[in-house]
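Have a look at this one before I ask anything.
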Amino acid sequence: MKKVLDIMQKRAKQLLGEGIVNRVIGWKTGEFGYDQTPAVFTSAAELSSLVYDSFSAPNLSKYLIEETKKEGKALVFLKPCDTYSFNQLIKEHRIDREKVFVIGVECSGKVDINSLKSRGAVGVIGVEDNGEKVIAHTLYGDMEFAKDDVLLEKCRSCKGKQHMVFDELIIVNPVKEEKNDRFIGVDALDAMTPDERFEFWRGQLLKCIRCNACRNVCPACSCIKCVFDNQNSGVASKASPDTFEEQMYHVIRAFHVAGRCTDCGECTRVCPQDIPLHLLNRKLIKDMNAFYGEYQAGTDTDSRAPLTNYTKEDVEPNVISDKGGDK
Amino acid sequence: MQVENKEFKPTIVAFCCNWCSYAGADLAGTGRMQYPANVKIIRVPCSCRVNPTFILRAFQRGADGVIMCGCHPGDCHYTSGNYYARRRMTMLFDFLDYLGIEKGRTRVEWVSAAEGARFASVMNEFVKNVTELGPNKRITDLRCKMEKEGE
Amino acid sequence: MFKIKKNSLNKLYAAIAEAQTLYIPCNVNGKPNFAVWGEGADVDLASLKTVKSAKEVFFPQCEDIVSFKTKGKEITVIDCRKESEDFVVFGVRACDAKSFEILDKVFLSDPVDTFYKTKREHGTVITLACSRPEESCFCSAFGIDCAEPSGDVATYFSGEYLYWSPKTEKGLNLTNSLKNLLEIANDKDNLALENEQKNIREITKKLPLYGLDLSKWGADDLLEKFNSEKWQELSSACLGCGACTFVCPTCQCYDVRDFDKGNGVQRYRCWDSCMYNDFTMMAHGTPRPTQMQRFRQRFMHKLVYFPSNNGGEFSCVGCGRCVEKCPINMNIVKVIKAFGGEGK
Amino acid sequence: MQKIGVFICWCGSNIAATVDVKRVAEAALHEPGVVYSADYQYMCSESGQTLIKNAIKEKGLTGVVVCSCSPRMHEATFRKAAESCGLNPYMVEIANIREHVSWIHKDIEEATEKAVILMRAAVAKVNLNQSLTAGKSDVVKRALVIGGGIAGIQTAIDIADAGYEVDIVEKKPTIGGKMSQLDKTFPTLDCAACILTPKMVEAASHEKIRIISYSEVESVSGFVGNFTARIKKKPRYVNEALCTGCGICAEKCPSRKSKNEFNEGMDTRGAVYIPFAQAVPKLAVIDPTACIKFKTGKCGLCERNCTAKAIDFNQKEQIIEEKYGAIVVATGFNPIKLDGLEEYGYSQNADVITSLELERLMNAAGPTGGVLLRPSDRQHPHKIVFVQCVGSRGLRPCDKPYCSKICCMYTAKHSMLIREKYPDTEVYVFYIDVRTPGKNFDEFYRRAVEQYGVHYVKGQVGKIVNDGGKLIVHGSDLLMNEQVIIDADLVVLAAAIEPDPTAKSVATMLTASIDTNNFFTEAHPKLRPVESPTAGVFLSGVCQGPKDIPETVAQASAAAVKVVGLLSKDQLTCNPCVAGSNELLCNGCSSCEKVCPYGAISYITKEVRRGDFRRVAFVNEAVCQGCGACTVTCPSGAMDLKGFTNKQIMAEVDAICK
Amino acid sequence: MMNDMLIPVVGVVTDIRRDTPDVKTFRVVGLDGKKCFEHMPGQCAMLSIPGVSEAMFSITSSPTNTEYMEFSIKKCGCLTDWLHSIDVGQQVTVRGPYGNGFPVEEDLKGKNLIFIAGGIGLAPLRSVINYVRANRSNYGKVTIVYGSRSMDDLVDFEEIKNEWANEKDFNVHLTIDRPQEGWDGHVGFVPAYVKELNLNAADTVLLCGPPIMIKFTLAALIELGFNKTQVFTTMELRMKCGIGKCGRCNIGDKYVCKDGPVFRCDQLDEMPAEY
């Protein structure tokens, strides 16, 4: 990882120096060794605080909406999963591709600090990742975890190690593709009875505090004004005076991003209440794949998404209401 | 409990496209074909005008069932509207089911302008099914519900 | 000073809950949050911080204010306020306890907010000293001693026991009603507890944010800070979400909204966030159109405006929730430091 | 806030008998925005409309709700009334309390309650209505007629006579359609060719008419007044400009095995042929599936013999793109295939023929030169059985549920002609009912029975068995209540007629609707019988439903009048209920463009706020038809549909659910 | 339970007057026919139609009017659109009074007063002007400079012409932006007019109007030798709760709804430029 960072810094300085780009978008170190902040670097000196390690989870694609409105070209570092979001934003004309220099960086999965904490690592003041193990240095002693156990949800269901779009790649140690079934969670819920599902979701959604972090971090939620903020939309709401508001918010949000969601997993990562929001979006992805053929948003910039498309032979909606199971 | 069920008259919102289903409903009227008064029809130009939000809104405000009717696939006045509607509603219904909402509360039927009798029978059946499901408790806004019951 | 065996705590909760509502941190669907205690509740006093702070007990995220009925041109105002019933909030950490004092300055100053007031009057606060402070904690910067929390009753874990120390009349009344469950602590207990507290204070000094310097902040240099160029860089990654605001124990901004129930209008207030782009939106536009301005507002309010109006007191208690919950790890600590408030 | 007037119609007793109209009127006054309500016996009547108009003027109404019959019935009426006194017509909404309430509910309490709710929903909507002004679009002064049968020809001639350009697109090499195959026409018995061919020639020679034969419409885009059609012209392999129609090629063609379509396959033609003597355009056409040159590369006899040098084996398919203001569908009909109707043994017995085949057998230009000879042995038949309603009025899947309308009359014609020409022939007609409603029709039929002694047997045929050249017809005589067995020489089946198979694809192309039998649907079955519900698309002839020739011609002329009425306008008023994008909200993400069936949405870069240039959606209001597909696909809610806005529909939902 | 400032009372609109094409003045009394509450000149009240919205408006009538309160409201948003469509007899909800008001009993007493208003900016000043008229002996000379886009946009034109202009020691100067038929008065923008009028730099100024007009008028006044401490202005901004708690209307550490809306112009300099 250290080597990758060295190359990243070197290359960024070079591109800045040559005037090919006038700023760099990357991750910046924080207070505790795991709290990185996306940042814009404009000079070689500033780049010394650029960081790339097991905690560089934030997807930088969405920042490019604003960045490409500015003068000059920006260098951005994108992990494989981030490139899907990038493509999708290009497709929706939200990013000016000409103004971005994309460097794809290798990724072997990012570590979830909350996972460390929930496994007892209280008072973390530093973390080491040797590829297999993650060692947390805490105020109350060191703790060691298998890396696979403490990966972010989005990394446990990684879409692949290939970058969908890039101008350059920085790959020191090619990461092995590992097969995983990202629909296991959805399947498990599908297998439940409606009553169980209802209990599950009510429990989860009741936690929602409507902080809008999921929406604001979501690269698909790039609306200039969200319907929930628009007093004229008829659905504007801010908090949850009733459980219905949560259902409404999350259902509508899932629908608005349906066919556009690349399953980047940022929503689940940022939720302060750990609501498994990816299970909502992934359900729609699973359904679209099943009903209308495999589709992965963000693999390209010109395909037609399932909900803006049709065939004459599509399944009827009543397959749902008529399908087995009670109610 | 049983007495309560007998009394229960569900609120049903029906979205009907102007060209086929609304005309089909008119034909049901012309033919004096009875169906329960619980069904209230909202006219939309095409089934593709029906935003999933409208359906959620109906449930929020206390609807117990929502049915959407449009032209038969292939017969859309606007060529393709009902094909899009079909995909949207399939996704919505499965999603609501995924959240544990009773799937019997939502339905799509294609009713042509000539199918007055079918319109009536579809409505009869839908109302019957929703009545059996009982009041909508899972996807409704308690504030509206309390207001209704308070009367 | 009283004490009760840890394994008898359920009896204590039950006894409190018998007479009044008991709010206590529980594990609810995987996350610690204050919840109403009931038989079988998964009480979680081990987690240091609930996701939402204890403020929601006094200042709920949503609260009905008044309702209206309209008929033709007529309007009827229905005051749906009720005197709060007595309740207890247990397990409040020192930082959250301090936040109540800050909220009091807002809501109990003239004109009094009656919704808040009635809950404050009827609520008994039982605090809990921290045993294992975490890296995000910086309450000491605000003079808070996490080993010695305020409240109507302060409690402390040590060894097999929870120690119980009533601090106010309200606290004494509650203690009296629980007499049969509480033992009186002896000198040995007191010594053990003092040692425990000493330990905790030692740990506090090792915290990475210990010694966070706030001397550069306060009512002075308002315009200089306001006009600083640093805000732009600090806010550049801010998503404009309200995670920090909604987990914050001292944020108290609210919105007033009307909900049309069909046959009447319910006016309610709900938490709002100055980080939201529609926060100050009016018919004519907004005076804070950029995220930088909104970001600046939040921190200027906590660290400058509030002290300016409240005798130098900051509107932050160093609980560190925002430090943990910010999706992009930008937080008040980084802001404080950026303006010269270096740590140790 | 609006000032709304609510008007409740009794519709005589249609509504008032089941809905307590007074109570609805009373309840209306409690709704927000309602300042006036009234009930009246017939709101649609002159005095009812006056009531509304006066209220608009006197109460200063800004919105009107009429609780009455379906908006499909009188919405236009009430909107016009409102407009006449200065209120924007789109401030009027209808609550349908007849078709959706009084006619389907019996309980007064229940019906009244529902009527109140529907009124409330309409009021809620009107509260959010906004005045809408229709845009204008230019009219292309040219019409397209799809189908060149008598219907298409008549429509085209009438339109052209009014001074507008018309294109007839005919899929066959010649125009003329089914009528050109007929021998004589009922009830006057004049020869079909004699009355049709002058029309065909008139069409061909009309300076305003262009006949695009041997072609099919491939796609249609656009909208009323401004359609664009792509017409695929199949290769004839004969240069139209050079061919003189002399017919030498057809004579010389060595391939002789192709079935002659014009004679219903009862004789053969060459691979290069002219469909029939009076074909228009009179041009040869090469059938590449039969042509030896195409199959083997050798031959070319025709090419060598053509003095005009018109043969062109390299001709390619051609696409003609043309703009039209109006389109007339005249795709006509076909007799149904009889393979499924096994009891008649049509496919097994050469001497079981259809009526259309009989027409050819009796026609002087037919395979037998006009002498009635049965196909199997070319002998004169002495006993002929006609069977009616073959495939019509049936309930089986292979049957059509409707009456084909023309069979009773042409069978009377056939039997009469046969008896006239061959008095030694016995003619039996099996029928279910004889339907003769038409001028001189019943007289005609009675002549067949009384004057010509045709045996009409009320009953059906159960089975036809070939017994050594004789066709044993097993039937029943319902009047005598007995089984009838007739040993016939020839059996003629009055096959049901069905719309041409192209009807379905044409309907899809035009977004016009068809019914379950594939007949085109009228905009209104009684009041707008020659218009399709799709603006600018008109119906002519049997494509709309079974018709005889006079009816077809009448409808053809009626359709022409509608077209002329349309083309006489320089501009059309567009539907104002179109989509519109709120630039302040639009992300320019292109979702809406993808689902628009009309290509009405494009993107422009615009300075939305000062210094803020953005890509935003732009709706061409003349092209938008107002379906609303875009509104749902728009995540930011920027796209909305005028007249059916998100807020309006949600207000209706709220009103219904509260 | 004690009253809560968030809970409004019902008022009835008893009169609606159209002042300009987009300004109407509404007269509001309580259900008992009396004023809903007492106020000071320059204070505001929250008006609301439940289900539509609630917003802050300055009270344009003078506290000395014992019968009713008046609000001059410009049509500019959801609630104001609604208010402009109502008829007499419509009930609204009212709560207040909010804000500090003009210091009529302190700083303004005994002074010569100059009122400078642009457009709808006259609304809050009208309350003070009529208060001064009612307590005429407490104040010195009064100069009123009022400008609008056009003749039709002059709010309370009849009252100005018929009452204020005839008041003793009242000087009324009206101006409109562009020449107009039927207007024989001054034409030009307010800041320029202020300079032309050569106002006495010893007097106290009450200034209200659109931000751009305030900015230039203030500059003009300073040019004439006025000190910012002599100029009071009012800003009705983004108020929601009206009681300094909801956190919306602060400019720096000042809350418009509590510390304002009336500020002395020198105070504004100490506040961040975020309004």
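Labels for the chains are A, B, C, D and E, by order of writing; each one numbers its residues from 1.
Note that in this section contacts are C-beta pairs under 8 Å (C-beta built on N, C-alpha and C of every residue); 3 or more make two chains touch, one makes a residue touch a chain.
The structure presented is a predicted model; accordingly, all values stated were derived computationally and were not measured.
Considering every other chain in turn, the ones in contact with both subunit A and subunit B prove to be C, D. Here A-D and D-E were compared by C-beta pairs in contact; the pair with more is A-D. Farthest chain from subunit E (centres taken as the mean of C-alpha atoms): D. The chain occupying the central position, as judged from C-alpha centroids, is B.
One finds 69 Å separating the Cα centroids of subunit D and subunit E. Taking each chain's centre as the mean of its C-alpha atoms, subunit C lies 40 Å from subunit E.
Note: centroid distance subunit C to subunit D, computed from Cα atoms, is 72 Å. Rounded to whole angstrom units, the spacing between the C-alpha centres of subunit B and subunit D is 32.
Counting partner chains per residue, subunit A has residues 234, 241, 307-309 touching two or more of them.
Residue positions of subunit C with contacts to 2 or more other chains are 70, 255, 259-263, 266, 272.
Shown for subunit B are the residues in touch with two or more other chains, namely 52-53, 57, 61-62, 74, 80, 84, 88, 143-144, 147-148.
Partner subunit A is touched in their complex by these residues of subunit C: 28-31, 33, 48, 51-52, 61-62, 64, 132-136, 203, 206-209, 233, 236-237, 239-243, 245-247, 255, 257, 259, 266, 268, 270-273, 276-278, 323, 325, 327-330, 333-334.
The touching residues of subunit B, counted against subunit C in their complex, run 61-62, 143-144, 146-148, 151.
Taken in their complex, subunit D has these residues touching subunit E: 1-2. Subunit B meets subunit A in the complex at residues 52-53, 56-57, 60, 73-74, 80, 83-84, 86-104, 106-109, 133, 138-143.
Within the complex formed with subunit D, the residues of subunit A that make contact are 91-94, 222-227, 230, 232-234, 256-257, 260, 304-305, 307-309.
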